[in-house]
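Shown below is the structure under consideration.
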Amino acid sequence: MSEPIRVTVWNEFRHEQNHQAVKDLYPEGIHGTIKSCLEKQLGQNVLVRTATLDEPEHGLTDEVLEQTDVMTWWGHCAHGEVSDAIVDKVQKRVLQGMGLLVLHSGHYSKIFKRLMGTTCSLRWREQGERELIWNVNPGHPITDGLTDEHFELTDTEMYGEMFDIPAPDEQIFISWFEGGEVFRSGCTWTRGKGRIFYFRPGHETFPIYYNENVQRVIANGVKWANQNSSAPYRLNAPNITPSLAPIAGEYEVDASLHEH
Amino acid sequence: MSEPIRVTVWNEFRHEQNHQAVKDLYPEGIHGTIKSCLEKQLGQNVLVRTATLDEPEHGLTDEVLEQTDVMTWWGHCAHGEVSDAIVDKVQKRVLQGMGLLVLHSGHYSKIFKRLMGTTCSLRWREQGERELIWNVNPGHPITDGLTDEHFELTDTEMYGEMFDIPAPDEQIFISWFEGGEVFRSGCTWTRGKGRIFYFRPGHETFPIYYNENVQRVIANGVKWANQNSSAPYRLNAPNITPSLAPIAGEYEVDASLHEH
Amino acid sequence: MSEPIRVTVWNEFRHEQNHQAVKDLYPEGIHGTIKSCLEKQLGQNVLVRTATLDEPEHGLTDEVLEQTDVMTWWGHCAHGEVSDAIVDKVQKRVLQGMGLLVLHSGHYSKIFKRLMGTTCSLRWREQGERELIWNVNPGHPITDGLTDEHFELTDTEMYGEMFDIPAPDEQIFISWFEGGEVFRSGCTWTRGKGRIFYFRPGHETFPIYYNENVQRVIANGVKWANQNSSAPYRLNAPNITPSLAPIAGEYEVDASLHEH
Amino acid sequence: MSEPIRVTVWNEFRHEQNHQAVKDLYPEGIHGTIKSCLEKQLGQNVLVRTATLDEPEHGLTDEVLEQTDVMTWWGHCAHGEVSDAIVDKVQKRVLQGMGLLVLHSGHYSKIFKRLMGTTCSLRWREQGERELIWNVNPGHPITDGLTDEHFELTDTEMYGEMFDIPAPDEQIFISWFEGGEVFRSGCTWTRGKGRIFYFRPGHETFPIYYNENVQRVIANGVKWANQNSSAPYRLNAPNITPSLAPIAGEYEVDASLHEH
């Protein structure tokens, strides 16, 4: 049997302490709910820990990062308080192969903007409107278990285009909103060796993370982002001298070696 | 434990009967060697059968197709003898989610050209020259287990650019050849629900399919192509009348219904 | 000044002869309207001719094809009557660099399915509902001149996901429909040297092709699809013998030349 | 006649002052040579200015940035001296639609790494070895005017895979090197509204920028990167209240408005 996927669920964890409505909805924090979701969906195939903004190093020590296969990220009102040094480390781990699920308002997190290179801006509206999430990539393992061509969230915050992201490597979901907007709700990218999945649903006062389909997609996303290879990857730029070249000794080099 | 992947290894199987050198190299046929390779690499996780051109229906009856999760395809001198009706069926199965590995000279098979929409042409030369295959996507599960940034084949047929394919969804390998050419040697695409992996190495008189790295990549490719979802996919184009619309009854329709 | 773009507007031209409502809407045929649109938008930068199904060779003689830089394609009820031999020729011209705009119900044309390799299926409904077309790629020249993040069509046929196409090279537009569906309304691909733009809007009884924004996008699409290069492209697969290799005479070839 | 493209050629301009060999090769600086190249290739269609690291604000004042349609970037030994504030401004201009050509060792510039989100690392070797640059996208306007399937540089620095970049939106060139490496030498991406073209050739002591084919590609790249649209793009994330929604007043909003 394969080793369980080691997941770190990161959460800003501020709304749950400052707003009673959020506390009532997510008494163990959004991270607690996502942790439970993953344990319910993936059972012994997953080993989940949580980390939050106000812990030392935001709960993301070198040791935690080293032991994380996939990280999920939820933040909203305190993106600016995440330390750049920690973002550097998380980015490095993603490039080295750690999967990353960016959830909902995490689109504006430092780590997501860092990996995308764009503003990651969008339109938004909080009116508890209906969202229909269409599966445009039904062969993709992230959509496994969905039983219809779309699923519905009855009361959501709207996120609308133009969503300022690099063209996704894979488009998985597109959302329809009652007020007239559309949104690329499920997108994947690879950066370095790391797989990134942005998934739109989620909110602090709408009970999105209790939705069965949302839970399934997040669990699928964790499994997908954990797929990786043991092939070598390097962060640096080595000088491959002629003696190190793949066909060393078998090709002519210029007599006048140029110094760098 | 998950079910074994049901693989059908398809082979043209002509060279092995007509040329002694090929027969000596692949006494059980190229399909026999690929079957053994998969069984060695994947063990109980795979259930392999073979099918060849000269069997009835090329060995690809409805029942076989129905029971195939991933197909590998090798052909060379008799692409034109593959019946269009069988190609239709294989294409349909790919769209419905069957994985497809197209190997080496299979680039010119009817099924590959059908799925690509291009000529799939390339440059070639048979001189037993050196090939270095570079991994440009080290996080991709297809490259799992490779221990260096490239691997080598000492004596190969050259395939060179411009390779007339649609831009791959994922670029995995790029080859270097002794005579000066490069080639996109490992490419993936999705068509419908089906995952397609083209992998260049292979030949009837060079012992490519006994190479350890080639075997590993083919086994990885089978696992990758088997990843799919149970989400619904349809081949047809249904008329979604207002009563079938996602928000049926809640939106205004035009009074003057237009007949199609 | 650069040469005018030579456009051939192809139209099935059946509805306009068989249905009075269509005839009233498009008295010169849909092709006549698109021709006028292009001449209005692009003036002397364009030279437009038309061709229709019931002309000899569907109006697409070798001479016409040879003299066409960009073709637009509209068909609906008679896709099956387009001869395979003509489709072969059009495909070949696209691969050689002719641009192709596939409009609305042209998604089910032989030429589009041939180039895509998929069913090109979708959901549809004819209720004259509202469509909002969102620009998700505002830097793309196809969207030049659009003044808002979306534009509206008040009465349209609905096309919905899952649209069974290969992942587009570029996603330009995504549509929202009143009844709850979304659709990838503007997509581009390259096949061989040819640029393909699928653009959803259009219908035989809704006056879509008189819409200012639709006209602009079609004209932009023609300009975009005409961008090409004079670099060599070949349809065949040449044998590059050692004496023809880029570094001929400077690399070792295997002593035992393998015959194909 | 259309307006000339306003190009700013940016150069680090240190090697040319500190190394006699570089000074001899590029007496007017690499920027001077690229400026001349563009003026020769594009004539009145281009208006070129230059800017260098040691000028105030690196020569990239707000006014210069505002008046630049396409920027080319060459740097090598002093990437770290480019101010983050200027990088912020250049990134913003790219997102707003300024084209960017990143040349050779510019792969390690702050602006390129910022836009890519990866390390942009690679292998390298300076031995004046042979490079063959293969055109894998012959329909792309960046390759216009190339007369063969590849072109050659006789003495170059080697850059090899794995090149740590996001999967390019378009793959244009792939290089072959004498010592056994391959490299994705011509790649494009879009970020925001801006088009980015990375082009590998170039060096401070090899006379790459005098090569006819290199000059042609750079000029084509400038024309390509200048293609854009006037469609709106925003850097921020506006709250689209119900009264601002596309179908304002026609959809139901939840009674209990949630405050953000």
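As written, the chain order gives the labels A, B, C and D, with residue 1 at the start of each chain.
As a working rule, contacts are C-beta pairs under 8 Å (C-beta built on N, C-alpha and C of every residue); 3 or more make two chains touch, one makes a residue touch a chain.
Predicted model, so just to flag it, every value in this text is computed and none were measured.
Asker: Please state whether A-C or A-B has more C-beta contact pairs across its interface.
Answerer: A-B
Asker: Quick one: which chain's Cα centre is the longest way from subunit C's?
Answerer: A
Asker: How many angstrom lie between the centres of subunit B and subunit C, each centre taken as the mean Cα position?
Answerer: Centre-to-centre distance between subunit B and subunit C: 28 Å.
Asker: Hey, how far is the Cα centre of subunit A from the one of subunit B, in Å?
Answerer: Using C-alpha averages as centres, the distance is 30 Å.
Asker: Report, in whole Å, the distance between the mean C-alpha point of subunit A and the mean C-alpha point of subunit C.
Answerer: Taking the average C-alpha coordinate of subunit A and of subunit C, the gap between them is 36 Å.
Asker: Find every residue in subunit B that makes contact with two or more other chains and list them.
Answerer: 123, 132, 135, 138, 149-150, 160, 162, 167, 169-170, 176, 180-181, 190, 192, 233, 246-247, in rising order.
Asker: Once bound in the complex, which stretches of subunit B touch subunit C?
Answerer: Per the touch definition, subunit B meets subunit C at residues 91, 95, 108, 114-119, 121-129, 155, 157-158, 160, 162, 164, 166-167, 169, 178-181, 189-192, 205-206, 233-242, 245-248, 251-254, 256-260.
Asker: In the complex, go through subunit A and note every residue touching subunit B.
Answerer: Residues in contact with subunit B: 1, 97, 130, 132, 135, 137-150, 152, 169-170, 176, 190, 192-195, 220, 227-233, 246-247.
Asker: Which of the residues in subunit D end up touching subunit B in this complex?
Answerer: Subunit D reaches subunit B through residues 123, 132, 134-136, 138, 149-150, 160-163, 167, 170-171, 174-177, 180-182, 184.
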